[in-house]
Amino acid sequence: MIQFFNVTKEYDKGVIALEDINLSINKGEFVFLVGPSGAGKSTFNRLIIREELPTQGQLMYEGKSILRMKKREVPYFRRKIGIVFQDFRLLSDRTVYENVAFALEAMAAPVSEVKYKVPQVLEMVGLDHKHDAFPQELSGGEQQRVAIARAIVNNPSLLIADEPTGNLDPDTSLEIMKLLNNINKRGTTIIMATHDKDIVNRMRKRVVVLNKGKIIRDVEKGGYTDEDQCHTLLF
Amino acid sequence: MKISAIRYSFRDAFRSFWRHFGITVASITTVAISLLILGFTLLLVLNSQYIAGFMESQVEINLFLREDISRQDARAFENKLTRIEGVELVEFIPKEDALKLMEDSYGKDVDITKALGGNNPLPDTYRVKVVDVELVPQVAATIEKYDEVESLRYGQDFVNRLINFTNWLRNAGLVVIVGILFASLFLITTTIRLTVFARKKEISIMKYVGATNLFIRAPFFLEGMMIGLIGALISVVILYLAYGTVVNYALSSVPFMPLITDKTLLYQIFGYLLLGGTFLGAMGSMIAVRKYLNV
Amino acid sequence: MKISAIRYSFRDAFRSFWRHFGITVASITTVAISLLILGFTLLLVLNSQYIAGFMESQVEINLFLREDISRQDARAFENKLTRIEGVELVEFIPKEDALKLMEDSYGKDVDITKALGGNNPLPDTYRVKVVDVELVPQVAATIEKYDEVESLRYGQDFVNRLINFTNWLRNAGLVVIVGILFASLFLITTTIRLTVFARKKEISIMKYVGATNLFIRAPFFLEGMMIGLIGALISVVILYLAYGTVVNYALSSVPFMPLITDKTLLYQIFGYLLLGGTFLGAMGSMIAVRKYLNV
Amino acid sequence: MIQFFNVTKEYDKGVIALEDINLSINKGEFVFLVGPSGAGKSTFNRLIIREELPTQGQLMYEGKSILRMKKREVPYFRRKIGIVFQDFRLLSDRTVYENVAFALEAMAAPVSEVKYKVPQVLEMVGLDHKHDAFPQELSGGEQQRVAIARAIVNNPSLLIADEPTGNLDPDTSLEIMKLLNNINKRGTTIIMATHDKDIVNRMRKRVVVLNKGKIIRDVEKGGYTDEDQCHTLLF
């Protein structure tokens, strides 16, 4: 589904965030992206959704080049992808309900679908009682869950989640991981950047480890570190 | 665009209109003030040119007939005069009336008629009005060639001055209007740009979530239109009331002052202001949004 | 405030001036345009009142002496006239000159002198100028009581109209200036408010980190001052060049038009604009910031 | 140092974020504030720094009422407190260096002190190479560390850290916790809201557990949950 060919991303001030990345992600996979702070995880995600363009290399989505995509095709492309941004990016002048509904409205979904689906996903993330609140009136974890709800509401074929449990307590994190796992089972490809050792070790999915912009490890059913690799299901 | 998207656009335009109410009020007021200044300048310039035109229309050629022309011939001469190209109106003043007029100008106590002992040294006179003040010298030259004419006078100096002045006024008026037009254009679009600027993060988020440019811009377009229209409406209402007051006051205290009271022209100006305000509001916010769409 | 804080304020004002360059340019231009409109209106109103004053100063009383007054007594009468309160200038026109003037007004070909056979029905005349047009009727009444005076004339109608018109012009000018003053005040402060609005999050963060209100406001004050001052400077320079051009053009094509060329007055206006712009910029941003300080 | 007396905080829309809180924190303590998403941890912190006022109850800092503090005293009060906000709150138009320097400049510190201290704390959090970057040019974890640097630069007597490791990988988190521990040892009281089980269990400090606005547990040398209480130093 996604292929990176010798992708390098250098930001303005000569910061090399990703260097010569080669990687292929298949349809239906669940990939954990881990690595220290500043390793390039978010940059990796940004390249896929065309928030940034790579300095070098080629990037394919379902066999088509993301780089050579026409500008007016980008929105339609992004609609197939659900994105949980590390900094949430909620619309501050809209309520929780409106934020989630927006993802559907933007793709011209009929009103009936909006009315049916939005409360449903809000319940999934445990926020049905907050639908009239504005983002500034939510706790950090609540905002994060709104971002998750918005990303999954339109049944994307790819879900990119950048640190989606960073502001959640372990129990809620577990709920969210169950949710993502279900979505994955229904066929959605998931790329999740995370620092949560427990989650990675518990889920036993493909783990891609980035460090200073390079892939230093890429294992199926992996753990957060090499040692975690050995024990199976500590918990 | 699908029906649902159009419905969304309207809903969203209204929502944002009310949710950013402080900003909405600020931009509406800016639009109103800018258009008020523009409309006011327009009316000022148009009126001053109307007055200039009026002053020009007051210019007349005083034409003195030879003394030996009989009263009948004198009256017949009127036909010749009216046939000259550019002549608009001709008025005959017999020498008796001319003397009377002169005497009046010295006050009732100076009895020139008596001093003259029944003699009247003044000639029969024609007052000739010309359609366009610029034609006066030319018409005067034509008239002077007639045998019946002893001499004529039209205040060459004054006419030249007047032409200079009114031409100057027209040019200055044009420059002023163009200047104010651009100024109000800038003020309106800048304010709208600044209000959009405050929402630039929101715009980029929408784009990341998969909204098309059209979908993002449509509500801004509608909201800009509403702001422009309401601002323009306010300016038109104020202008209408203010102009009415000014004209009434002017006509009562300076009744001789020629002012435009032609409603059609006023309504035309108001129409342009409404159209311009709406257009600028809509376009201004559309263009401002574009800057933040490129993500 | 400590020295380090003052130093910080200046550094920060400059930093923000350059870092939000788009916004800085937009607000400077708004200030410049608003003050340009204000300055332009001021000059327009002042000049139109200057012209009105000039027109008023042209009003004169024509005073005709009794026929039996000797030339010597006539000349002696001048002293009495000049002593009347409100009289500014007195000019004697002997009856011969009066006849000459009248004759001239009919063109060189009408020989009234000959027709009169050496007689002159016109009286000796005084032209009296009055310091203030409003005093004309009163002065005329005083003069009329003198024995030497046969009659007088000052175009009662015209003077009344003129007084009405110039009064109207003065009131209208005042209203316009006050209106434009408030408009430019609003435009400048709104723009600055909107630019501060875009930084409201930053302001609250500063407050949370322990900055005092004064510490947060000082850079905004300085930046607003800079924006106001630069905007005002631009408007003054444009105004100076434009007014010079207009006056030159007017004086060359409409040389008789009385326009203000008094540099002192101009510089005074420019001074006020500079002061006003700087003040509005500084105050506008100070006040706008206050709204977001309360956290 | 800090006392809560029957503190209740109700937000605008009838949301009760904290209910009848009674708590005392002593000088030099290190307190973990844990609890599920939306439990009221951030609200607890906001009350201390007077970002919000409680609806009921009394709040004391060093024996003085925070509620009855005069408005113009608030900035001076806040300078004694270092705050790591959950949403970072960095100044977006200032570089990393300027952001950290601001905390010192705001208290009119001499230029020499700024020049000496800012690079020092930036090195402590591992960001010495990023001092000219703007917040938007940083990764999530890097932004978080800038927020930490700003909070500690002026040696506050109280440090409030709201989820300061949510965007950090375990290794970097550990570094930061060492740093906070050192600061605590030098006498700074620390209140840290966190979801990081490992950290709480490893540090063995006082743990206050909030749930739905109420304190449901308050133990010295505690663990993240009741069970964690039993085992000592799992790792």
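Residue numbering begins at 1 within each chain, and the chains themselves are lettered A, B, C and D in the order written.
By our rule, a contact is a pair of C-beta atoms (placed from the backbone, for glycine too) under 8 Å apart; a residue touches a chain by one contact, two chains touch by 3 or more.
Since we're looking at a predicted model, the values are computed, not measured.
Colleague: Could you give the separation in Å between the centres of subunit A and subunit D, each centre being the mean of its C-alpha atoms?
Modeller: The computed centroid separation for subunit A versus subunit D comes out at 28 Å.
Colleague: Using CA atom averages as chain centres, what separation in Å is found between subunit C and subunit D?
Modeller: That gives a centre separation of 63 Å.
Colleague: Nearest whole angstrom, what separates the Cα centre of subunit B from the Cα centre of subunit D?
Modeller: 67
Colleague: Could you list the positions in subunit B whose residues touch two or more of the other chains?
Modeller: In subunit B, no residue touches at least two other chains, as defined above.
Colleague: Which subunit D residues sit where two or more other chains touch them?
Modeller: Nothing qualifies.
Colleague: Considering only which chains touch which, how would you classify the arrangement: line, ring, star, complete or other?
Modeller: Shape of the chain contacts: a ring, since each chain touches exactly two and the loop closes.
Colleague: State which pairs of chains touch, listing all of them.
Modeller: Pairs satisfying the touch definition: A-B, A-D, B-C, C-D.
Colleague: For a test of understanding, state which residues of subunit A touch subunit B in their complex under the given definition.
Modeller: 49, 51, 72, 75-79, 81, 83, 85, 89-94, 102-103, 105-111, 150
Colleague: Considering only the defined contacts, which subunit B positions touch subunit C in the complex?
Modeller: 23, 26, 29-30, 33-34, 36-37, 40, 64, 102, 105-112, 114-117, 119, 121-123, 150-153, 161, 164-165, 167-168, 172, 176, 180, 183, 186-187, 190-191, 193-195, 197-198, 246, 249-250, 253-254, 256-257
Colleague: For subunit B, which residues count as touching subunit A in their complex?
Modeller: Residues in contact with subunit A: 1-2, 4-5, 7-8, 15-16, 19-20, 199, 201-202, 205-213, 215, 295.
Colleague: Please name which positions on subunit A make contact with subunit D in the complex.
Modeller: 11-13, 15, 34-39, 41-42, 86-87, 132-133, 137-142, 144-145, 162-163, 166-173, 195, 197-198, 224
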